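Next, two complexes with chain A in common: one pairs it with chain B, the other with chain C.
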Partner chain A sequence: MENEVEKPQQGIEMAETLSIPSGEGSVWTDVSSLIAAACKDLPDGELIHGGNFSLFAAMSALEIMDPKMDSGIDNGRYHSIDEAIENGAAPVPLSFDRTVDALCIIDIMDHLLACEATWHKGHSLAQTVFSCLYLLRLDRTSSHALLHSYCRVVHATCNAIISVVSDARTHEEEDLFTMAYGLPLGGEKDDRCLSNLNAVEETLCRQLRASKALSAKKMAVEDVEPLQTNFDLEEGFCKALLCRLRFRKHFYHLLMCMRRPQGRGFDLARKHISSCLSELERIRISSEFLRLVASKICDDGTLVRTTASGRQPVGFDANVNIRSSAPAPPRAIRTLSWKMALEYFEKLLHDLDIICSFSLDPLLENVLRFTVQFQKLQPDLVARAHLQLLLIQDGKLYGRDPIFAVICRAAALPEAVKDHDMQKNEFVVQLGQFVINLLKILCTNVAWQRRKLGKILQDWRIIYVQLELAFRKELGEFSNMSNDENLSMKMAKYILIWVEEQAYWIASRFLLLGFELDLYSSGEYCMVYWYIYVVLIKLAEKTHFRILASFDTAKRKGKKKRDSLMDLARDYQIPPAVLLLQCYICLADGLTTMLAALRNERKAFLSPGPFNTEHERFIQHFEHLQKACMPDHMSYLSFKESTAQASLSSLATHNHFKDAQRIARELKSSFAHDPDRVAELRHIEQVAEHNSIALNVISRVGALDTTLKISFEFTYHPYFAVAVVKRS
Partner chain B sequence: MEDTKNEVEKVAFEASEIEYVSYGGEHHLPLIMRLVDEELSEPYSIFTYRYFVYLWPQLCFLAFHGDRCVGTVVCKMGDHRNTFRGYIAMLVVIKPYRGRGIASELVTRSIEVMMESGCEEVTLEAEVTNKGALALYGRLGFIRAKRLFRYYLNGVDAFRLKLLFPHRPPMLANWEGNEVQCSDDSSKQYQGLPFECC
Partner chain C sequence: MLVGVNDGRFFLGNFHCLDKQGNIILQDAVEFRSIRRSSPSPMEQRGLGLILIPSSCRTSCHIESSMEEQFSLLSLRQ
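Here is the complex of A and B:
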């Protein structure tokens, strides 16, 4: 503060020397005493509140020397990387005893793997992988081929992963991931890291061969200098190092293969995935050997979780980089254990394998289903970023199919129209952007995804209206639609049906994700299932229209118009996709009615609050759908009207669950080739069956029996609950 | 959050023994700070406390058992995307006093003032694992509007909870509107405001 007081005086002197003239209506004056008085008036911790001092500003303020807030605080350890290195925190070699050196390197490899998994799981790169002093000063390791090659491939892998995630830009809420300022990343030619690695691997292979030959014949067959000095441990060390190096090699290759355009590297990538998984298993097995060696060589009794040997790794300091982890205040990071890191990478590899196995189906409907199925596995950011890069490259599906062609196919239009001039219409172009945007959103984490889906609902509604107007203007009234020979008219009609279907698909996903994210409480289930019911009815209707249209298109190819109409009537069957939706509709209807009946007759699952009513909660939950008029004329009043008369006796006479069960059973043969859908049908049957039984129990005992405790659980399906009835 | 004092034993008291007072000035500030610092893991600078209690003293309440301050609530209100919105920033009741409705009473008092001041809705964030807080706010009519992925620096997701008041004609008392443009989202990545209650 004293300095502050003196400063104005310096300012005045400066002003005088620089001869800044007093402006019009202003003169230089000494304000030292005023500032001194102001300082006296403002003790520590007080502040003058300015109009622009927001919560953000208040929370960004740090208290200097508060260990919770001040990342620059002297933590009693090293002040810089150089200081740490000068003090011997990261020696090269790690030990002059080559056996200890080998063990230490393995510890570093293991701890780095744990750090890498911790980074992937959402912590900053600076405080995880780059807590490794060797990585921070890569050049220092060049004399140590083994350590150097490993550090370089880790470095290259970090670069590759950051590049995938940054390019995909699916990490809005996970932006810590790519923050790498102040870290020695990028810029370097990473390709050469593999030749280094191969050379080291080759040496290790020879050392392993030599040690095996020696133990078999008790004589040296090759003039190979052993890895370390203890003959009995040579084979174990060579194996432990080889699997670690090979894992890195295959993992890096895998990342490179996956980046090839249009999924062309996927077959090769799958081979690398398989190799990575085998090497991970070998790494896991090596733990027993390493623990044994560690206990023999240097048993100091303390075990850490981040290495296979249980030894503390050398050359890591999470604090030295703490200032690079901005903008977050310093936090102690709990590094994943070595075992959890192995599990993480196994999971990542399985997720990537699913992406690489995808057939690059050209039909959008199947792409959406694949993405939704993929998300059920709860993939982490790295896997999701890879999926997104596969789906959208250069503004095309898989970098291969132009979006207009994708839309035409999705809308059941014949292949020939994909070059039609309609694709130049500005709203059709915009629709293409919406499709791209939708695919990207479906690759984000589900919490963010739901929020974005809610917001784009209105876009889809508006584009529908705009397209309809544009088509009318261009093509005339749709009432003349009997003239389907007019290709443009037909395209307009089909595209509009599809846009509506797509919008309802988004709406249904938005609603269903609420269950996955645990956003609904049991008191809200009734209105949620009611809304799902009305949205699914619309979705089924639009899907049905679209499939009928495609049926029509297919028929027309070979037959005359008169015949086709007759065939249509004769061959007509509700398509399996629509029947599957019908199953969900029955479940949603059944659950709505059951919950409404329990509310009406038992006063259960009502959630009165002191400040608002169910009406307000309805508005809040369905705001996005209501704004987009999806469906039209649906309001809280409609919900109240359709549930006011619900009773358990009416549900007994018309059991929606039985309908769901019947349709699901019948559908099994239609989906026999699709194990995911067969499993889904089984879950639907289970939900339906258990709810039917619960309904029977409640009806038999009587709705008014107060000893009956009813709750809803998601035992058989993530979105459709089953009633659990217990007697207290 | 760790219980720093191991005071898990409940204190015996009658509900009527708890006295609720509105923020009364500078002498209350250290009490609030100590309570929040002890019970919540996130660090707040003194400026954060002052920001709230100086701008919205009427939304801050303390609960006393005798001379002992056992709970507090700290809030704000202002414009947020064309909505006049209340925001519950901190709610703390010390462990021996939890489960007796003190947090409910504190937060209810704040919400009532927000309602009278013309707020259209009230929001807050709570950790998805904080079952007590979620139940409390659920009883008061809050819905879980959004899930915020890894909102807290400890990696835990948060729910954004919202309470919408029944529609009333708009009030004119938008007296702090300019001060509170900061969106709640913008504090993310720095310090999520965690909640501990019941």
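Here is the complex of A and C:
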């Protein structure tokens, strides 16, 4: 019998197998022929499995060598950071020619800025900022002052921003943002970054002064070695570097100032914001000089978008980090261009400036209005995180006002009650939590926000019921007892009114945000405006109650108990806040009627489709509101009943748009001090006017003229459409 | 079980299943990869969990066994 000795495998593979240790006393045994034999023996459709096997679970296995699932595939590039560095991917200094070195540093600075902006926009740190080999091995750069100080300040800035966003937890679905995956982020290195930066800035200033003195043929007062060797370019380089370093310095200071609690650092922050914006402008101007230098020094041809000079930056490799993400490879991303990065930071600075200008209004309704206005700017993640941290700190508003006091003030109760024992009631405590939660939700991105607002509607409804029951149990029915119980009764009543008002406010935001997110098709506008109409009526009612209650409180404070009821009735005007809601109610009513009439008689704006009936769509859109009984006894049937009689001919008999126009015009004087509200009133007027005209046309000829084409556009207001009538 | 693939990596894990085509699924797999492209070089490892190694990229397959078992396997191939 021939003794066939198993031939050893290729030398390299065997050696590598041996470098992976097997257990004690055991060896690696080649089983490939055994496997091959087993496969040959297996009938079709069968497999061999070990213990605890489940075919369903096996489906989730990562497939090796599939580029979408396997992040470790050898792509012919560096296997590790150390290998990349050993092969000269991140030289220090970048060039022995000091002019080229300076240009390369600027390219790195620009590319890092672009990476940072890309990261802010929602990508992972590993693929963006930490694709920089210099940042991954910070200590290597210590011999090069400029590079080292810049890297340190970027490192410190990233830490500061991660800290803000993590604390606020606004990153919601952009959860890649805070993941550091074992990147060298530790904060211990950050302490001296500013002093480093100052030293480097000081040197650059002296170099700049020296170059200016030389060019003005003055005596050189500074005994300092020039930045680089080309005398003509010295001033340009110094200026380009100075503005970049100064931007970093002011940006870091800005972040530190904004972290101070209760907005104490805001005034200083605004100064830093202003400096940042000036330096950004200087950075932008420097690009011309840099492009010129780049074309003189090297004519590679290929222009890169992420640097001012257009040159490819040295020392970046997004691949070295690819394996330190989750097992599966990250999505391919595109770094923002340098221009877009500048624009991003400018917008961020403007948004932060608005936060810093906020007066820390103690009245909750003003806080809510500020947040809603701020969100209209579409602020990004970092700005929103800062807003949330300003609003909620240590469970208090601005870290200053306890939530119970905020609620009492919002419910128009006198200041004295804020220490009342009622705050210990478990449901009052829970209500406080809901308020904090609401403020946090209002700082998230619009899509997430709307989803959460829908979900909390039931919570607010339930807490109302629970509070009512609890108050009734504690205080009994509304009978007159001692002064103390009278006060508690009043607090209970006012707080309940406020809770209802707040719940309807949330409902109205939920409905209106649907327009912002483009969630409604034109066939659904009729039911949406109808629902907005019924919700706003309730909101106006509750707001009115609350304002009347506040008059009562004010009256008692002023001790004007002798005012007669007649005087009150004569002087009474509906409060402007309620009238504003009335405008929206008229608009919604008008649009509902118009859309219903068009649907009834021209069969336009129906909800077609074989999959969903109109009833099903109604439930899909308004499920949260229906579950929370907001409002009570309103259902699809109510909608059908109220719109069944709408007809084109009867449209003109009650022109709701004219009412809206009239009220809006009258309101202008009440809001004269508030430019946002004045602008809003103007938009309301425009919507009302155009719809009024369209309504007249439609009511006169709509039923007969089939060539009329009617569409609804959001030209004057993001939530209230305008009917556009054309002849086709 | 230690499976080698054609780009030089090795995967160490518990055998989970094998099909007729020769595809192997490993449980609690760890990936071994060289830090430098040139050999010899130290290896780094990371955990991947449940993985499927297609037979097309598999270059080797070893299991941990005692010396006796290895010897008896060799004689099996006569």
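Details
Assume the second predicted complex is superposed on the first by the 641 of 728 C-alpha atoms of A that agree within 3 Å, B and C clash if a C-alpha of one lies under 4 Å from a C-alpha of the other, contacts with A are read in each partner's own complex, and residues count from 1 in each chain.
In this section, contacts are C-beta pairs under 8 Å (C-beta built on N, C-alpha and C of every residue); 3 or more make two chains touch, one makes a residue touch a chain.
What you are looking at is a predicted structure, and each value in this text was computed from that prediction instead of being measured.
In the superposition on chain A, A:A447 makes contact with chain B only, while chain C stays out of contact range. In the superposed model, A:R617 makes contact with chain B only, not with chain C. In the superposed pair of complexes, A:H79 makes contact with chain C only, with no contact to chain B.
Shared-chain residue A:T302: touches no atom of chain B or chain C. Of the two partner chains placed by the overlay, neither chain B nor chain C lies in contact with A:T706. Once the two complexes are overlaid on the shared chain, A:S60 sits against chain B and chain C alike.
By the document's definition of touching, of the two partners only chain C reaches A:S26; chain B does not. In the superposed pair of complexes, A:S669 makes contact with neither chain B nor chain C.
Shared-chain residue A:A36: touches chain C; no touch with chain B.
When the two complexes are laid over each other on chain A, chain A has residues 45-47, 49, 53, 57-58, 60-63, 327 in contact with both chain B and chain C. By the touch criterion stated above, chain C contacts chain A in their complex at residues 1-2, 4-12, 14-22, 24-25, 27, 31-37, 39-40, 43-44, 46-54, 57, 59-67, 69-70, 73-74, 76-78.
Against chain C, the residues of chain A that register as touching in their complex are 1, 4-6, 9, 12-13, 15-17, 19-20, 22-23, 25-36, 38-39, 42-50, 53, 57-58, 60-65, 72-74, 78-80, 82-83, 86, 323, 327.
Residues 45-47, 49, 51, 53-63, 66, 68-69, 121-123, 173-176, 327-329, 331, 445, 447-448, 450-451, 517-521, 523-524, 607, 609-613, 615-617, 619-621 of chain A are the ones touching chain B in the complex.
Per the touch definition, chain B reaches chain A in the complex via residues 43-48, 50-51, 54-55, 76, 108, 111, 115, 128, 138-150, 153-155, 157, 159, 162-166, 178-182, 184, 186-187, 189-191.
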